[in-house]
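After this come two complexes, each holding subunit A, first together with subunit B and then together with subunit C.
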Partner chain A sequence: MIITGIKITILLMAITSVTSLLLGTVVAIMRISRIKILRALGTIYVEIFRNIPGLFWVIFFYFIFPEILPFGWGARLNAYPNYPVVAGVMGLTVDNASYVSDILRSGRLAIPHGQREAAISSGLNRVQQYIYVLLPQMFRATLPPLGTRMVHNFKNTSLCMAITAPELTWATQQIESLTFRGIEATTMATLFYVGLAGVMASIIIILEKVLRIDIAKSAYQTRG
Partner chain B sequence: MIKFINASKWFNNHHVLKNINLEISKGEVVVICGPSGAGKSTLLRTINRLERIDDGEIVVDSKYLSDPKTNLTTLRAEIGMVFQHFNLYPHKTALKNITLAPCKVRGLTRKQARERALKLLERVGLLHRQDAFPSQLSGGEQQRVAIARSLAMEPKVMLFDEPTSALDPELITDVLDVMISLAKEGMTMVVVTHEIGFAQKVADRVVFMDAGEVLEVGCPPDIFINPQHERTREFMSKVFHIPIFTKPQEEGE
Partner chain C sequence: MDFPGSFSNIKFYLLGAYPNGPVGGLLLNIVLAILAIAFSFLVGALLGYSRLSCRKYIKVPSVLYIEIVRATPLIMLIFWFYFFLPYVLGKNISVFWSAVIALSIYAAAYEAEIFRAGILAVPRGQMEAALTSGMTRYQAMKFIVFPQALKIMVPSLVSFFVSLFKDTSVTFIIGVIELTQTGIIVSQRQPDKMYASYLCVAIGYFIVCFSMSHLARMLEKKIGVFDLESYRPDACRDEYMLMPTHRKIPDEKVPAAGCYPPGL
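Entry: the complex of A and B
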């Protein structure tokens, strides 16, 4: 049971890290876009999903989301045995993406105007400006807070116990209530959480080295 | 090549460009000088439409900038621009800074772009620095990489916006040497600069601007030594720190 719990927790963490990063990037681009409607939509997204607890969104996608879907899609979802995990992924993604987008937006604001002007003048189109010039710098500038956010998201996977997704915290509690061996189960869970969070932190430090953040960020101030 | 027809621009109520009429032909080197706030940089930046004009017309390479049919992205690829603060991409090495646009805009293969970039780096004397990041380069080196980056697109025009203003005096020469050799090769260049020496050496014409107006256009000696306009005379006397030679006394004076 605890092994399944660890697997599901890793699965939740891995999937939501990627999906929330993608969704967060899209929302961040919307918020810095010139198009007013996109900007407004992006802001509304962040305000809604950041100001309502992640636990609510996990519960929302499990209990309410299937109800409001048309054409009986909801019933099909409810019948799917792994739906708690799927709902958990959706809930965690929308929650974490709101933070990710705000972090990335701050990264965009840190890039001097001249970067975009250089990209424009060299004939890159809008999409190319983002892909090759702006986004790489946004991610580099915000890697430390993004990393913290991802560790936070990893810990939030435990919220999925509320919707019976068989992740680690849920498993720990089950073991406790079935066998009363709570101390052993909790110790295992603690070690695992600390261990994986440590691994994530190391990955971020390695990334900082690989991306040469030390070198890549300081060029703006160079003069003379 | 470049033509301003009654070009005007406002920043809110501030009239930054007043009825500019100027024509720059192919192969010409034009230096724009004047006091700060005169609108020199703004004028330069309207050529590739980093700034929009509010009235009048600008024609570049016989394309009207205000024409909706003009593809600005394509046009900008033909216009190189060098900035006061270099604006190299800090997350890319010198070589990658140069190869980016040729690969993505011109569709060169990596190998072709690399060869072209190495040739240009050699030309600006920085072949040995190809793998350095911008923050590891001096200002003068960064600016030469920036020039190479623009040249890699094989532009028809090069715009320079105070390319040496942020540099230590010692480093300026290296950058100017590159610009002088470019000018001698027949590149069309529009240069905003206070480097009078550069202007005297290679400029075909000097444009003097003040308060959003083009006050005088002429060959370098005319503008520097023998300016017609009172404001130009005043400016030049301050630039040269010595009283400017007065014109030979005209009769009646």
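Entry: the complex of A and C
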């Protein structure tokens, strides 16, 4: 049970990290775009999802989302046996993406104007500018807060127990109620969470050392 | 859309069964968050200060506490205090108080970090000047450094309050009847109007968090951002201008972190 729990937790963590990075990037680009509607949409997204707890979104996607889907898709979703996990992935993704987009946006603001100008003058179009020049710098400059967010996201996977996704916290509760060996199971789970968070933090520190560029420093120097 | 079921329940969402029963709903979330912040403030301050100590036997335990609590999901903490505190104490404690204790333990670790950032943000010259004018280190801390640190900490504390407020929603898992739980109860009573009750929950959280996070942003503009926890080397140039001058500017030679006051 614990092993399945660990597997599901890691699965949740991995999927939501990737999807929330993608969604967060899209929203960040929307928020810094020149088109007013996109910018407004991005801001509304961030304000809504940042100011309502992640737990609410997880529950929302489990209970309400199938109800409001048209054409009987909701019934099909409800019939799907792993729907708790899917709902958890969706809830965590939208929650985490709002934070990610905020972090990335601040990364974009930190990139000196010269980078954009250089990209324009070397003939790159809008999309190419983002792909080759701006996005890599945004990610590399914001590695530390992004890393903290990802560890948070990993901890938040435990919220999925509220919708009976069979992840680690849920498994410990099942063990508690089936065998009364709750203390052992909870200790195991806590150790696992602390351990994996530590591993993630150290991976992020290593990544930071390898990849980090100190944009603040260069911006500071260009100002003289 | 009409919310027939929800408008009649609005008092239930806001106050729970308050005049006739225990406090619940949105008010309970606020009460939980305030109690947790208040209880954890002293512990957090002590932890944050001892984390800055040069003495290993003071520093290591507080670092361990902070890191372990911060690496554990809140749900786990809540379970620990709900299911296993009775074993240790030998008697039952109410759901509400176990939630408050777990939240305080959780908040103390984060507040310690905020507090540490606040102390480090006070210019070193302040401490040095206080010491040269004949104050003891305790006096210097009490009259000079701490008041300034407190002022710097205010925006971070407010934004931490927002995130703690959101985290109080997790306590519904052990059956605290706060806003999320209220929403679930109401939606189970009226399964045909589920969306309405969840909308009410969302609006409740949104109003409080939105206003508080805007307050935090306003305070940040007024007082200046300083938060080592979310220290952003990517802060935009305008923010640099707002920042207190003692902010860690990369060109400056910065003494090794970890000890406070440095060189003493």
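Rule of thumb we're sticking to: the second predicted complex is superposed on the first by the 212 of 224 C-alpha atoms of A that agree within 3 Å, B and C clash if a C-alpha of one lies under 4 Å from a C-alpha of the other, contacts with A are read in each partner's own complex, and residues count from 1 in each chain.
Everything that follows uses one rule, which is that contacts are C-beta pairs under 8 Å (C-beta built on N, C-alpha and C of every residue); 3 or more make two chains touch, one makes a residue touch a chain.
This structure is a prediction, so every number in the text was calculated from the model and none was measured.
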item	value
Partner chain in contact with A:193 - subunit B first, subunit C second, else both or neither	second
First (subunit B), second (subunit C), both or neither touched by A:48	second
Per-residue contact with subunit A, leading partner among subunit C and subunit B	C
First (subunit B), second (subunit C), both or neither touched by A:75	neither
Which superposed partner A:211 touches (first subunit B, second subunit C, both, neither)	first
Contacts of A:18 with subunit B and subunit C, given as first, second, both or neither	neither
First, second, both or neither for A:176, with subunit B first and subunit C second	second
First, second, both or neither for A:120, with subunit B first and subunit C second	first
First, second, both or neither for A:128, with subunit B first and subunit C second	first
Shared subunit A surface residues [contacts with subunit B and with subunit C]	215-217, 219-220, 223
Contact footprint of subunit A on subunit B as seen in their complex	48, 50, 73-74, 76-81, 83, 85, 87-91, 100-101, 104-105, 133-139, 142, 146, 149-150, 153, 166-168, 171
Touching residues on subunit A, where the partner in the complex is subunit C	47-48, 50-56, 59-60, 63-64, 67-68, 106-107, 109-110, 141-142, 144-145, 148, 151, 155-159, 161-162, 169, 172-173, 176, 182-183, 186, 189-190, 193-194, 197-198, 201, 214-217, 219-221, 223
Subunit A to subunit B touching residues, read off their complex	112, 114-115, 117-125, 128, 132-133, 136-137, 140, 211-212, 215-220, 222-224
Residues of subunit C that touch subunit A when the two form their complex	67-68, 71-76, 79-80, 83-84, 87, 162, 166-167, 169-170, 172-173, 180, 184, 187, 194-195, 198, 201-202, 205-206, 209-210, 213, 229-237, 240, 249-251
